[in-house]
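Both complexes below contain chain A, partnered by chain B and then by chain C.
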Partner chain A sequence: MTGGTRPSPIAWLVAPAALLFVLFFVVPFGVMAMMSFYSGNPVTNPNAFATTRHYERFIFDTAGIFHDALWSTLRIGLVTTVVALLIGYPLAHWMARMQSRLGHALVLMAVIAPMLTGIVVRTFAWMTILQDKGVINTLLIQWGLIEKPLPLMYNEFGTVVALVHIYVPFMVLTLTGVIGRIDERLEQAARSLGAGRFRAFVEVTLPLSLPGILAGSLLVFALSISAYVTPSLMGGTNVLTLPMLIAQQVGTSFNPNFAGALGVILLLVSLVIVVAYNRILARLSGEQGMA
Partner chain B sequence: MVARNTISRRQALRTGAGLAAIAAIGAPSILHAQTRTLKITTWGGKWGEVMKGTVLPAFEKEFKCTVSADQAFPFVPKLQASPKNDPIYDVLHTNSNEQWNSFTEGLVMEKITAKEVPNVADVYPWAASDKIVGVAIFTSAIGLGFRTDKGLTKPTSWKDLADPKLAGARGGYIIPVNSLGQCHLMMLGKVYGKGLTDLDAAYKALEALKPIKLVDFTGQMEKMLLSGEVSMGVIHDSGVYRYEGPNMQPVDFASPSEGVMALEQVLNVTPGSKVKDLAFGYIDYMLRPDVQKMLAEAVWYSPANKKVKLDAKYDEKLLTTPAKVATLIQPDWKWYNARKEDIDARVTKILKG
Partner chain C sequence: MSATRNKRPLDAGHAAYLALNALLLTFLLAPIAIVLVFALNPTPYISFPPVGVSLRWFGKFFAGTEFMNALWLSLWVASVVLVLSILIGGACALALARGNLPGRAFLTAFFMSPLMLPAILTGLALFQAYLLSGIGRPVWGLILAHTLVAVPYVIRTTLAVLHNFDRRIEEAAAVLGASPARVFFEVTLPLIRPGVFAGGVFAFIVSFDQFPVSLFLVVPKGETLPVVLFNYMKFDLDGAIAAASMVSILLALSVVLVLERLIGLKAYVKL
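Let's turn to the complex of A and B:
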């Protein structure tokens, strides 16, 4: 008689990642979600009681800023993702089809190079370019093309520009791997059967690269909606996102319970968008459960 | 016959491991019994340099303890997250508004009196007034900083910030996150309305200040004034006066006739501190005239201790006499904090777009 079934070696290899996920996501998120249903910290404050008031505060939004902040967060995330995809896809396609190893290595280095610099530094670099007395406005005024500085910063435009620059490498690296695995002969076969370059791309390469588009988009979307530093610096007072509100609730209003509720709401809304996006792409590609 | 008392390698290893375990378990408590640790919060920058370079080493030597100083914001959320009976800090150093928040949650004591801290007997009334929880050790005056090279006359009133000539060249703060911004909002209520608590008048006056450049921290306001990005802005006196001497810049500070708001540096003790005597000793030490003088002259803060004699150039500009101290207006942070959520929402809507 043998004992119980032994866990497979793969399970042991996955265990550290699973442990990390549980310790650094499931547990903190669980604590945050629990806190969002209390009036205070139930561990340190014996008078804390269970309540749904933080969610009611968000839903009824008598202050008139929370719904705007959520919409602004999602809008910035979606626009950043679309622009990063439009910039990243051609670059990734070019890299994946590049014959020269040296050329591929050089382009790869160029894509990765900005990631070696901190987000704060890159954001400050954009500030020196886009602010009223920045490089662009100063040059345009000097050349007599404009009289007043263009509003390039302290708005959603400047925020998206900086976020796209920061997150395009994530899109490119994700797409390059997927496009590189698509058999070029499929495209050649389509062309030998009379399809033009564009039609072969649209009907063969693009559908086969949908898993990469999905993965890259989800990555960039998740990073964009949770960004704090860049919207704070580039958006000024004209941009208010949920991560900024959450930081404000924790750091200056000392209300971690409402911050927790905002975190849960952001996660739930994002999950709904991600699931919907996954289904639409799966339907478009004729596959189910791509991700 | 004498038995041979030999020790095998295994026995030696076992004994060694046992001793090591006892040492490992016992050593920290033995060390703890000898050297106690005081956990405090403190600022960075020039203040932090003087504290870490001079003040804290001298305190450690005199009180035979070690001081663990946290300079990483935000302090109050960290205190909130730690157990009340074993708090992360023994002494909390923040501005007054955060002390009031902490007191409301039972994280710090209400008052520090001369009974616990003898030097409290020598402080100006503002430092231990009913507007303060804990005890204030310094204050700055919040007024108007301005460029002296832009042809501006020295402002005499808070209303001067609304001068149309300053459109887009005036500076303020993101009110929800900055206590100077919150003070400015209350002052707008006093100047344009019935008093510090007249929020409707304050909101209207704030709207009229647009376009205004807003920042999170006073350090950013200093940079904006120094770079000429703004010509006039709300700032505390030490943020301007520190650019004197070899650091001289074309900026100056003005105390408006309606009064200056107090930006107090407050110390307080956590009720669950295990080293309360040391915590009180630290506050007493920080209120000593020699320590007060050293820090006041390093960062241009007005000392709380009446017995401090500053050098002439500091004495001339800082709040060191009862007459000068009388110009200080202390905000009612208990009142403000109770309404902060509503105020934050309202000013966010006013200043957005």
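Let's turn to the complex of A and C:
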């Protein structure tokens, strides 16, 4: 309206952010991709040569751990996503349909408060609950329900429980927005036509919230496949995921080039998810614009 | 008539619905409550049920030099990140909303992308870049890395406020003879301030609780609190971690309250 389509002087305010993002985001990811195709550090080591051997090492997997790590990363991500959806949907529905503003604010706070607690802290909380001498096993033994502690931790089960707790708020927030935009009168109409509360939900609200389900699921999946702290503490030595493998390559094996190749592989998987997520969000806001 | 007949089964269903949600809320909040219990329980190892109340673990946490150095480093880094991300993110949001930039949608998605890409990869990529350029792992490298992942939050909250406010207020000021600079400082800035500040609070927390980006960028003896806690937890699981966790949680909760007072939490429901 004021400046037509020409950039106004205010556009220059984008410069500091652009500089930061180019120098500390675009260039580093380029460096990571480049390092993944070198045998060593090409700056300090004149003998470093271009090679695809890091990718070959991953693809042929003679050690027999890399493919397993990739699969367990994807498996943990998938299970976490499904459970987070099952837990997140009722909460999101409750919040979106809540009449009382105070109630809404309280539930919202309860959902956001864990989000503002660090990942390390929340993983610690789950360790105290699920370990052999943790809250659940102690109580079950005291009540005489079991004799030996159940293996709740140092496996994929414990990893998934803690990951669900950490990422369910993202699912709830995504779904609440979508469910809140569905006209409640549609459900009321279905019920006045004789459908029960449950049937009205399954046949009206649930299908309409499908884009939110998809967006929230992609978000949680993307977050959980890149988790490092939780699988390494909750999984112990029994769980090995791609991010744990990357940290190993940097920390103990000091092979930043192979770490770079693993990083590129994880990046490609995430990019596919991110693009799909953005497509869905774009379509969502398009629908909102038409309404 | 039919309404009264339907009432009973409906209420049972509704009760189940409420009970389920109460259960789910418990799942969300109980772990935090349990950390508090362990922080106050004096036994040398994590054990349940608690046998008493003591502040010994808070004492151990606040007396440990390693913990304290890490806490101060984290607070210092987070404070600098707060200031930097407010300046950079606030300016960027203004440019995106008011600058008539070509490719606005793409640029917005680009500036949000650190939130969508695995943070551990951002850390790894920066580690590689610092390694290759030979700058090592200085604190400013860590600060700028945190700023990179914090700026999107400021951009998002500021954009939310900018989209919601009536541009005609600015136009009215201009029509009444205010210079563009005066419009900016006396109209636009005060209106977007809550959004920028709220984003800054998020930025502080993102930095203070940051782990994956820090992991490869900290040096021994120069580790931030989450990294120190993580390393400690790999070998020891005592109340000191619970006490440290409580300190972090209290900090986060006070920040939530500040947020709520500043602009209300509703603005964040949209992810």
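Convention: the second predicted complex is superposed on the first by the 237 of 291 C-alpha atoms of A that agree within 3 Å, B and C clash if a C-alpha of one lies under 4 Å from a C-alpha of the other, contacts with A are read in each partner's own complex, and residues count from 1 in each chain.
Heads up, the rule we're going with is that contacts are C-beta pairs under 8 Å (C-beta built on N, C-alpha and C of every residue); 3 or more make two chains touch, one makes a residue touch a chain.
Only a predicted model underlies this, so the values are computations on that prediction, with no experimental measurement involved.
*Asks:* Have a look at where A:Ile65 lands relative to chain B and chain C in the superposition and call it first, second, both or neither.
*Replies:* After superposition on chain A, A:Ile65 lies in contact with chain B alone.
*Asks:* Which holds for A:Asn45: it touches chain B only (first), chain C only (second), both, or neither?
*Replies:* In the superposition, A:Asn45 contacts chain B only.
*Asks:* Of the partners chain B and chain C, which touch A:Lys133 in the superposed model: first, second, both, neither?
*Replies:* The answer is both, since A:Lys133 touches chain B and chain C.
*Asks:* So, does A:Ser100 touch the first partner chain B, the second partner chain C, both, or neither?
*Replies:* Touch partners of A:Ser100: none, neither chain B nor chain C.
*Asks:* Return first, second, both or neither, reflecting whether A:Phe254 touches chain B, chain C, both chains, or no partner chain.
*Replies:* It touches chain B, and chain C stays clear.
*Asks:* So, does A:Leu91 touch the first partner chain B, the second partner chain C, both, or neither?
*Replies:* Only chain C; A:Leu91 stays clear of chain B.
*Asks:* By residue count, which of the two partners contacts chain A more extensively, chain B or chain C?
*Replies:* Of chain B and chain C, more residues of chain A lie in contact with C.
*Asks:* Need the overlap of the two footprints on chain A, from chain B and from chain C, as residue ranges.
*Replies:* 41, 43-44, 133, 250, 256
*Asks:* Considering only the defined contacts, which chain C positions touch chain A in the complex?
*Replies:* Listed in rising order, the residues are 10, 13-14, 17-18, 20-21, 24-25, 27-29, 31-32, 34-35, 38, 45-49, 87-89, 91-92, 94-96, 98-102, 107, 109-111, 113-114, 116-122, 124-129, 131-134, 144-145, 147-148, 151, 155, 167, 171, 180, 205, 208-209, 211-212, 215-216, 226, 229-230, 233-234, 237, 241-242, 244-245, 248-249, 252-253, 255-256, 260, 265-266, 268-271.
*Asks:* Which of the residues in chain B come into contact with chain A in the complex?
*Replies:* Residues of chain B touching chain A: 73-74, 76-77, 80-84, 101, 105-106, 174, 176-177, 214, 216, 229, 340-342, 344-346, 348-349, 351-353.
*Asks:* Which positions of chain A touch chain B when the two form their complex?
*Replies:* 40-41, 43-45, 63-65, 133, 232, 236-238, 240, 248, 250-256
*Asks:* Please give the residue numbers of chain A that touch chain C in the complex, ascending.
*Replies:* 1-14, 16-18, 20-21, 24-25, 27-29, 31-32, 35, 41-44, 87, 90-91, 94, 105, 107-114, 116-129, 131, 133-135, 138-139, 165, 168-170, 173-174, 176-177, 180, 197-198, 219, 222, 225-226, 228-229, 233, 243, 246-247, 250, 256, 259-260, 263, 266-267, 270-271, 274, 277-278
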